[in-house]
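One chain, chain A, appears in both complexes that follow, with chain B as partner in the first and chain C in the second.
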Partner chain A sequence: MTDGLALNLTPLLPEIVLFLAALALLVVGAFKDKEGARIVTVLAVISLILAALLTLALSRTTVLAMGGHFVEDGFAAFFKMLIFLGAAGSLIVANGYMRDAGIERFEYPVLALFSTLGMSMMVSANSLLALYMALELTSLPLYVMAAFNRDTVRSSEAGLKYFILGALASGMLLYGCSLVYGFNGSLMFGELGRALSVDGRLPVGTVVGIVFILAGLAFKLGAVPFHMWTPDVYEGSPTPVSTFFASAPKIAAMGLLIRVLMQPFGHHVVEWQQVVILISVLSMLLGAFAAIGQTNIKRLMAYSSIGHIGYAFVGLSAGTEKGVVAVLVYMAIYVVMTVGTFACILKMRRDGRYIETIADLAGLSASRPMMAACFAIFMFSLAGIPPLAGFFGKLYVFMAAVDAGYLWLALFGALTSVVGAYYYLRIVKIIYFDDPAAAFDNTPHPALNAVSVIAAALILFFIVVPGPVTRAAGSAAASLVTPASGAANVPAPASRVTALR
Partner chain B sequence: MLHTILVLCPALGALIVGLFGRYLGDRASQIITCGLMAITALCAWIGVFTYMGEPAFKVHWFTWISVGGLEADWSLRIDSLSTIMMLVVGFISFLIHVYSVGYMSHDPSKPRFMAYLSLFTFAMLMLVTSDNIIQLFFGWEGVGVASYLLIGFWYTRPSACAAAMKAFIVNRVGDFALMLGIGALFLVFDSVSYDVIFNKAASLADTQIVLFGGTFQTLNIITLLLFIGAMGKSAQIGLHTWLPDAMEGPTPVSALIHAATMVTAGVFLVARFSPVFEFAPSTLAFVTFIGATTCIFAATVGMTQFDIKRVIAYSTCSQLGYMFFACGVGAYQAGVFHLMTHAFFKALLFLGAGSVIHAMSDEQDMRKMGGIWKKIPLTYAMMWIGTLALIGFGIPGIGGFAGFYSKDAILEAAYASNGSFHLYAFWMGVLAAVLTAFYSGRLIFLSFHGEPRADHHTMEHVHESPPIMTVPLMVLGVGAVIAGFVAFGMVEPEGNWWGGAIFTGPENHVLHAMHEVPLWVSLAPFFAMAFGLGLSWVFYIAMPGTAPKIAAAVRPLDNFLRNKWYFDELYDRIFVRPALALGRGLWHGGDQGIIDRFGPDGVAGTTWGTALRIARLQTGYVYHYAFVMLIGVAVFVSWYLFLQR
Partner chain C sequence: MTVELFIFYIFSIVTVASSVMVISSKNPVHSVLFLILAFFNAAGLFILIGVEFLAMVLVVVYVGAVAVLFMFVVMMLDINFVELREGFLQYLPIGALIGVILLVELILVGTSWAVSSGTDLAVQAAGINATPTGIPNTKALGMLIYTNYFYLFQSAGLILLVSIIGAITLTLRERVGVRRQNISRQVNRKPSETVQLVKVKSGEGI
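On to the complex of A and B.
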């Protein structure tokens, strides 16, 4: 490895591709007037897939870059794959809606690409500085996307709310970062990890710093009590944007959170565990109960996502490698379920207008059996009913909690999922047993059908071939946990920091 | 082989007609069941001539249960007792099957009726031929089910359904005791097989058992439990309330189940377990007392009833009392003898009553009959035969109807015995004989004689029943006349009727002693009968209108009897209403009030409430959201700090 400014850019290839693609598409969009949006979308999806392939091709060993601020390892690769595919899925399903809603503009895929670039950097961030930068790069396009249908009040409101609260969260995060830096004298995760790997109490400043960083990331995840924006933004934003919100950024924030908690603060699991458990319990509770009274399917999905983040946190709160594996599997399954469900929601169109109330699904099984079957599969899976994938996601996180001695947390999770099952199953009941409402329009967008059917098949057949996902998650978690202790022996990062100065 | 065919034919008939009767049609169903019953009846007759008086033997089918020490087979025990019971059940059941073809000719669900009758016959045959107490219980419950189904045959009538349920539930009380008895038998004898139990009984005569802190003689307890079971099935006082109500069923059912066969299962049980009862003096005393009390009680009630079938039902109850106290004083043979004769004449009476009801366009109230004897002479004659057999008409020293032999034998045995309560039983028996003659005469005179009290329309339709109904009547009539004379050998001490099927203890010489009673004892039943019959003639023929005057004079007594000693009212107060109140209390208070309220409903309600309250947190104001976030951070930080410090 060379030192100095001779940067090794190989680990950043996916990001570079995304960056260049975004810039190029901006130009393409500007020159192509009418059908520009469609072309840009296709190209954006292609570049996302290219980035995913590059990620897959890159070596799985841990490689530092950009003076140690950027890390490429199996863990980051796993999340990048999820992010790229989730983002690609959300873009594919977006096109039709955008056209029908009259907001088909080429800026949308470009913004999504920039945001995805930010997410990709989030999961590779290896310092507090990189963390903040990446987070902001992710967030800024998201604010714009939330308000993308700027002519409607609701969309503008969603964007504004998200922006204000996001700014608040960013402020908290930044404050936490500065506290940690101030008390430990380093921004680098590796050095922080070494500095904090002493037994005994942490300085107050560090503790408060951790809490603030946690709060900032929990906001992105929509975990209680930083979830308040979620229902309003999900409901107010155009549905494709909600799809995007529900998938890729959550994955990225979860990846970043795990890295921060396991690497710099990995030695003090016992201490952050309390907060994670509390957030987890609150999120599961709220996700289970608040969704019951909802009539809008997007709002319901918002609460559902809050609950699912709570379940993922159950695995995280174990603080073990097994827990991390569980969370990775959970997030992988979650992103498939979510994109699939939103693809179904995007098909809810009657007389050319998109509708969002649950009651409109009544008797769907009679008019659109295939869509109804997919919907039912997603709902059963979200409720965590075997043998669908959602069940295994829950199984892994609960197992991890039980192994770590948190039997009560697993039981609590099981109980709240019983409550949650009520509103998922209610949708199935409405679809299959209620008197049919008027039929939906035939969807003119084959991409929607493809996405929902593929997602349903993945959910349905996870039980047959769970290997690829669980194996990948296993090696990803190993690459996160093992080098953290192994890196302590390597003095290289420190020298690189000096070199950078 | 003979007995296997005998027992399984009715089962086959029940299966075929029960499952496929709808496709076979009415006629085919009747032919199949009656035909199979004819085979059974034929086998029963062959059995009587072949095996009567022979030693017991077994027809082993296969092993049913074999668990640890519990070994129960499906097998038949053939001895004189089961042979005579098979004859009674098989033959009378066959006659009633045939009679039903005529009686049920207007009913829409004939196959179902025939299937139930055959099912009952099968279960009853299993009961009487069983070789162990488990199989006995199978038959016991089987006849209970069949009885329930047949009482409630006209299930659209609420009263029939209620009666069916009553029969079932009251029988459960007895069955519970029987189950305990079976358990106790297995506990003490370590076997459920009759052979083992009967052989070991004598050696256990002096053993004690500790129960609820008291010490009791083992066999007394066991036999008492068995007898309580018998009381339920045989409608003895206390557990008799279901029998009169069971008359809601079609009349052939009343004849077969509630007169001739099923209700005598209790008597059969006691006779079958005579090797055990003989060593249980206290239980025998209890049996005598209950039998005698039932005998007089039912006779008094029978005097006041107006429903023709209810009169006969109480008469059945009363006659069962005779049988029981015969067993109680040690004369099991006399009890079974009476059981056999009674089966003939009581079936005859019921079928005759059925013929009357049929003729009177389904009228059962005797106050609305009268003056029809000339129109239905054959039925009238048969009713007289049945009545004379029931009241035991006969000339002492010469001969008489069936009941004459068996009832006299019982009363003589009661007098001659040295068991407890034997004189009580004797006097009650004599008194009941007076009442029996009275209410039987009353039945005949009210139904057939006097001015016609039915409306014009009904009277015009009075007609003799078709031959398919009257022929079985006549066959039974023959039985009612000669059964006593033919089978008198049953109570002869030297006769070889029983072949050891009924056990008499070494101290028990009642069969000898009953033939050496004073002359007045032998004559007492005759005079009792003559007096009772004469009295009824005076009341209802010579001086009609006397009865109501007397009834008015002793109004409280009349009410007491007419209301069946207020047993139903008493049970209603003591058991039914508290049980209903308890049930209602547990339902409203326990289930709805506690389990539902705090369980499903409560949880669901709380969930809804919580959901609504949580949803209300989502105000939509951005400053609220920010506030929540800040509060959250503040809480987390302070929690952390407190946890750290």
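On to the complex of A and C.
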């Protein structure tokens, strides 16, 4: 506790940059009337990139700050990079749509910055209190952003639904935190980890608390028993907001979930493993089957994201360092695919109006070959077709599951991804082989083209240079597992499996 | 001691009496006023046991914000409270049942707490003194909030800021066609620009 009392602000530099940038941009936006939104967006993207550079520059050693509530380590840095880049990407693609929809206001990038700040505090949270504060700071702007097109019923409905269900999830999370605190007497992850590093069953209260915390975070991720809000919110929100939802917050919630499960409760994998496996199986099932009948591409992407969270959970359910590495790689690939796909969706515009149905994509290859190629690459990658990045993400999580003795889970995941491949490939078929519908408008927003082409290139060439991502993920996972609960995590996976049976 | 006891009884009697009046008075505005009275007396009770911070917060938050909000709602909404009150008695059995359950729970908690309070192991082991002597509890709270929990205190402030931005974003509308008063323009107007003298011939318009 006392080591953080001397105010060491260096580990918080990315957060401080974002915080000051958000405050400054609020003032800039208030004084610039018409052009405000565009300037603020550009400045927000610049400050996100600056924060990402600072994260990269900070040392990789584990540093506690702010009375131990904040931790900066390789794991947090990896997730922060993903969050900042995902948020920057979804801000870059946002501006054109917002202008065309007549809701271009400077509050949007400011709220997105605040939300991103909350996310980076989330992956650095090192106590239950910090966890909750960061989660609320992330969610509150998201509720507002979902209802940003406040004059349309669908957007308001999306915001309201997300808000009410989100408040419920926060309640569950808080209840779980209070149980864990009450039964163990500490809020700090480090102390909790030490207190819980005894063998034998945990007290019932702690287990119930873990389950509630897991449920609250699964809500934020949109994993299955808590996924109800996802399709409606994705469909109702303005498309750039859906892009934002699908990218950065999922990453942050996944990072937080991994930290909570592996650090304080890392010694008792058995206690949370069944829950994670159940969530994973249900998410993969629903993501595969519910998306088949969708006609709206945003709804389809919502179910797709549910399925992908299920696959990421496969790696997590291994409960090993290798599993964590697999999840990190998976999330990195996922964020690139998602931002790219949504950049393509944002280009679906005909006669000045944005359209969202899958049938509108018919014969796209004839009129817009470049966009069609990008779309096809993303769809193949989301489906997990071999040479593309999406395949490797799935491969890593399945391998981690097999190593931990969960062959059946990996096989199940492979089966559901075959089912899921149907609807991804159907889109490719519609784009390439159906009779052409009327051509889309030329996009006047070059940023969209740039983002989708860059994302497609990253997906395409991941196979050539997978090294940097996997190496970064490896050292990130090592920094999470080794220091606090490394010794506690030694029991081999096999013994855990026998304990389960 | 006797003076304290006397003050305690005054505060608690007024609290209980005004709470009864909150639910029994016919006029909702009177109800809210009695609620405020109950809050004030509860704050007095807090001061008697030496927790002045809670007393202050009770007055500032509950009287200053919540009760005034109630008052606004009661006065602004056109609700016929007499109609609402009809059939009030038919809910009496279930209300009484809930009341009895609450009472039993309170008694259970109270008795078990009294038994184990001397041997509260977790608190003793941590060496935490719940009521430190020598410093007022406002100061004790402040010393914690601005040191160990500074990060969380700042985050809470940020969350409040975001909620303000969100509320304004979702509700502020710029109306078109509103005639706003521009004072400097008003003051700077000259009679020669505005007043026009016209000689009107009889039987004709302007």
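Throughout what follows, the second predicted complex is superposed on the first by the 480 of 501 C-alpha atoms of A that agree within 3 Å, B and C clash if a C-alpha of one lies under 4 Å from a C-alpha of the other, contacts with A are read in each partner's own complex, and residues count from 1 in each chain.
FYI, a residue touches a chain if its C-beta (ideal position, glycine included) is under 8 Å from a C-beta of that chain, and two chains touch if they have at least 3 such contacts.
Predicted model only: the values in this text are computed from it and were never measured.
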item: Partner chain in contact with A:Tyr311 - chain B first, chain C second, else both or neither; value: neither
item: Touching partner for A:Phe342 - first (chain B), second (chain C), both, neither; value: neither
item: Partner chain(s) touched by A:Tyr234 [first = chain B, second = chain C, both, neither]; value: neither
item: Partner chain(s) touched by A:Phe398 [first = chain B, second = chain C, both, neither]; value: neither
item: Touching partner for A:Met66 - first (chain B), second (chain C), both, neither; value: second
item: Partner chain in contact with A:Phe375 - chain B first, chain C second, else both or neither; value: neither
item: First, second, both or neither for A:Leu117, with chain B first and chain C second; value: second
item: Footprint overlap on chain A, where chain B in one structure and chain C in the other make contact; value: none
item: Partner chain B, residues of chain A touching it in the complex; value: 160-161, 164-165, 168-169, 172, 201-202, 204, 207-208, 210-212, 214-215, 219, 224-226, 228-229, 231-232, 271, 274-275, 278, 286, 289-294, 419, 422
item: Complex contacts: residues of chain B adjacent to chain A; value: 607-608, 610-612, 614-615, 617-618, 620, 622, 624-626, 628-629, 631-633, 636-637, 639-641, 643-644
item: Parts of chain A lying in touch with chain C, wherever the complex brings them together; value: 1, 5, 19, 26, 65-67, 69-70, 105, 107, 110-111, 114, 117-118, 121, 129-130, 133-134, 136-137, 140-141, 143-144, 147-148, 150, 159, 185
item: Sites on chain C touched by chain A in the complex; value: 122, 126, 147-152, 155-156, 158-159, 161-163, 165-166, 168-170
